[in-house]
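Just so it is clear, A, B and C label the chains in written order, and each chain counts residues from 1 on its own.
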Amino acid sequence: MRARLLDAGAWALLALLLAGPMAGLRLQTEGTGLTLVTQWRPLAVIVVLVFVFRLLQQTALPALTRLALPKPRLSGAGLARHPAVLGLLFAVAVIWPFFASRGAIDLATLALIYVMLGLGLNIVVGLAGLLDLGYVAFYAIGAYGFALLAQHAGIGFWLALPICGILAAISGILLGFPVLRLRGDYLAIVTLGFGEIVYLLLNNLDGLTGGPNGIGGIPKPTLFGLEFARRSADGPTFHEFFGLEFSSSHRVIFLYLLALVLVVITLAVIHRLRTMPVGRAWEALREDEIACRALGLNPTSIKLSAFALGATFAGFAGCFFAARQGFISPESFTFIESAIILVIVILGGMGSQAGIVLAAVFMTLLPELAREFDQYRMLLFGLGMVLMMIWRPQGLLPSRRPRLELRQ
Amino acid sequence: MTALLQVDGLSMRFGGLVAVDGVSFEVRLGEILGLIGPNGAGKTTVFNCISGFYRPTAGQVRLDGERLDREPGHRIARRGLVRTFQNIRLFENMTVLENLLVAQHDHLDTRLWSGLLATRRYRQRMRTALDNAVSWLETVDLAELADREAGTLSYGQRRRLEIARCMVQQPRLLLLDEPAAGLNPRETAELDALIVALRDKHGVSVLLIEHDMHLVMGVSDRIVVLDQGRVIAAGRPEQIRRDPAVIKAYLGEA
Amino acid sequence: MPDSLLQAIQQVVNGLTLGSIYALIAIGYTMVYGIIGMINFAHGEIYMIGAYLGLIAVTALVLLGIDSVWLLLPLALAFSVIVTSGYGWAMERIAYRPLRGRHRLVPLISAIGVSIFLQNYVQLTQGARDVALAQLIRGGWRLGEAGGFQVYISYVQAIIAVVAILFMTLLTLFVSRTSLGRACRATAQDRVMARLLGIDTDRVIALTFVLGAALAAAAGILVMLHYGLVNAHMGFVVGIKAFTAAVLGGIGSIPGAMLGGVLLGLAESFASAYLSTQYKDVVAFSLLVLVLLFRPTGILGRPEVEKV
């Protein structure tokens, strides 16, 4: 025990020395010059946390891992075999918004967008094993695609949705084609670079994208032409058609249900893809690229298909996001977004669709639940990424692949 | 006898190291050719060059007259030249059956819409591929293990799966890289019979790297001996057995 | 001399200054990659921390009454280099060492986490706004005729060049002449063999991170001197650019990092002068993409052959 205390003490001392100047002395502008303000509290917090954490790491953690925790038996592939359970979940998902507050539904819709993004990136990272750090670029192409189509060609949501998907897919192919033969970490950096280039272009091409001010006035989706507004210029509005009192919650619920439908379609399509040759090829590629080549599979075209399909779903999500917000700006498409989506995929367990749904919901709810920690959000996010890699890189839930079995 | 595979002046250089130096030989249609030589002779490098995993520095490789030496590995595999690896490369997390399905990727309908809508052509091709897979599993005696994860198989079973995975591609030429490594005598005898059966009943020619002299001398029609990147002898097993250059290469100066 | 030639020379001067900075940071990337095959995504943040610590040191020294620039700079430099090296050591020890041997993307993701963590750590402790410092060293040399365009080499630019060359020379001497440096090279070539020969590879790897951090800290202080501005997020973009420089020169090669840094600095200077300042970042990222596409081994790198 004494050794452990000394060890923790040594680490606390190191923290004091390293964090001392940075956390303990704060630069402050005074007139034209600079001065230093001492702030012992953050420094003390850091030192104490380091001490406690190190002590815990040495004592409690080994004990925890020895505890045989029951492994959760949840798995998407397993769920797919129980249509009754799926049906029930879907029914609940459809009905609850009619009893929930507007804020909650809004949050749920946001979570659904992240689910879609997570599922899309999952194809690239989880199934095919390609680390894409610039995924947000395809999301942006979907969003700005719709915004520009609406602005210049008056195209509404329903027509724009497939167009945005195709636009994103084409970008995926254009980016992927030269880039996919690169090795894993180089691929990561190049995709990061691409994401940054897209962000810079969005910010600087004022004439096209509105620059940092973004694009506004994006039309909301309609239900067969019925707008969800108090009054409409062309045709009846939703509440007029159904003879209801206008309520802003109509639109909120509609958007939520729309997102839900998109997510369900995404889940179904991706599930199906995994049992098709293309999906199996992705997994084979992730396992052993050399073996794939020896079997006549062209690694580049397989990676390209993963890239393009992943991008397509990001395009759909982007289009919906733009429609929901009514206004978009480059700030929604920074590298941090790519990092968040990546964390969702990793947290959910690469490849597991159910895990990703849960992870996306978790990542969306967490900032809301922990409001007081808002300023520490990003700090904890970064820390969380490191800890996740150290403790459980395979994700929270064990993933069972949907496998083909010979029915004898 | 017509030549199926022609290797002409093949050379492979890694920086300053010449691993393969002007190697020429041919594999005739319907024959089993053994490639032997002491460790480091360059045998696997020759395999890698022929199968498109290395790009040879010089020389030509022809399969049935078509040049292979500038092609990437996956295209060579599609032309009918398949290979195994020294450290068996299976898809561990997939089942035995799925491994064989991935190998038939080209014979399946891989178009997105066909699969999503389960068209007739898609289902037919899948059916054919499954039947083919099952038939090969029976040939290599792995049929009961079809749904087991490949990673859970024993070493001998993995070897057989790897060969089955090659054969479902309906190849013309099969390159086996030390298939008997790690097998016990009974398994080696079964392998011997399997290779002969592949040649006789399934019409595939075989190029085989092996250290197990008993196996390679017994099963090969002809043998090529490599030492330090060069061919030092070629001929029938009985001739090779008595060739003084070969004996010197393996045992050093007498 | 015609004005246009003088303008070009000015860009060369600016480019070399910028390039020295990139080179110092790029060396850190390339050394770490050479020794454990990992892209230290958080290296840019080390540079940022170096800049902040340098500024804190200067401010503290000024408050203590030390006025002379010749005393301030070396002291601040030494302080920042030492403490930043500590950050570099801690980073390796906490976030990377436990992950050694795992799939290569795992440490990369951890590095991204460290990068985000450090950016926000500084943002929380020092504030999110830019911190500006009045110019410590003013003035410079002017070349060319008065009345036309004059090439201006500021004293700060000269200091940057001198300090950068000094650090790079010290590093090169260390790596090539000392036994510890030899141990670094051996570990970079073949880690297992080095360990079998009795080299403490853990220590060597830690040392690599420390050295890289020291150079990045120097770069941070020099930038702080030159631009008079620090910000918690300044490491992100500069980090990617320095990585581009490392790849351009040949990742794993220290002379390559130096060469790549200088080339990138020149390219960026010329692009920002003759094309547009807004798009100079795009130039760097595009260069990165192009290099990785057409010559991933870089200028001084050796092509790798995949072992089958």
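Worth pointing out:
Just so it is clear, contacts are C-beta pairs under 8 Å (C-beta built on N, C-alpha and C of every residue); 3 or more make two chains touch, one makes a residue touch a chain.
Here the structure is a predicted model, which means the values were calculated and not measured.
Farthest from chain B in terms of Cα centroid separation is C. Looking at contacts between chains, the pair that accounts for the most C-beta pairs is A-C. Centre-to-centre, using mean CA coordinates, chain A is 31 Å away from chain C.
The distance from the centre of chain A to the centre of chain B, each centre being the mean of the chain's C-alpha atoms, comes to 44 Å. Centre-to-centre separation between chain B and chain C, using Cα means, comes to 49 Å. Chain contacts: chain C has residues 306, 308 touching two or more partner chains. Residue numbers of chain A whose C-beta contacts span two or more other chains: 290. Multi-chain contact residues, meaning those touching two or more other chains, occur in chain B at positions 53, 85.
On the chain B side of its complex with chain A, the touching residues are 51-53, 72-75, 77-78, 82-83, 85, 89-95, 97-98, 101-103, 105-106, 108-110, 112, 115-116, 130, 134, 146-147, 165, 169. Interface residues of chain A facing chain B in the complex, by the touch rule stated above, are 269, 272-273, 276-278, 280-281, 283-284, 287-288, 290-299, 401, 403-406. For chain C in complex with chain A, the touching residues are 38-39, 49, 52-53, 55-57, 59-60, 62-63, 79, 83, 86-87, 90, 94-95, 98-99, 102-110, 112-122, 124-127, 131-134, 236-237, 240, 243-244, 247, 278-279, 281-282, 285-286, 288-289, 292-293, 296, 306, 308.
In the complex of the two chains, the chain A residues touching chain C come out as 14, 17-19, 21-23, 25-27, 29, 32-36, 39, 42, 131, 133, 178-179, 182-186, 188-190, 192-194, 196-197, 200-201, 204, 290, 335-336, 339, 342, 346, 375-376, 378-379, 381-386, 388-390, 393.
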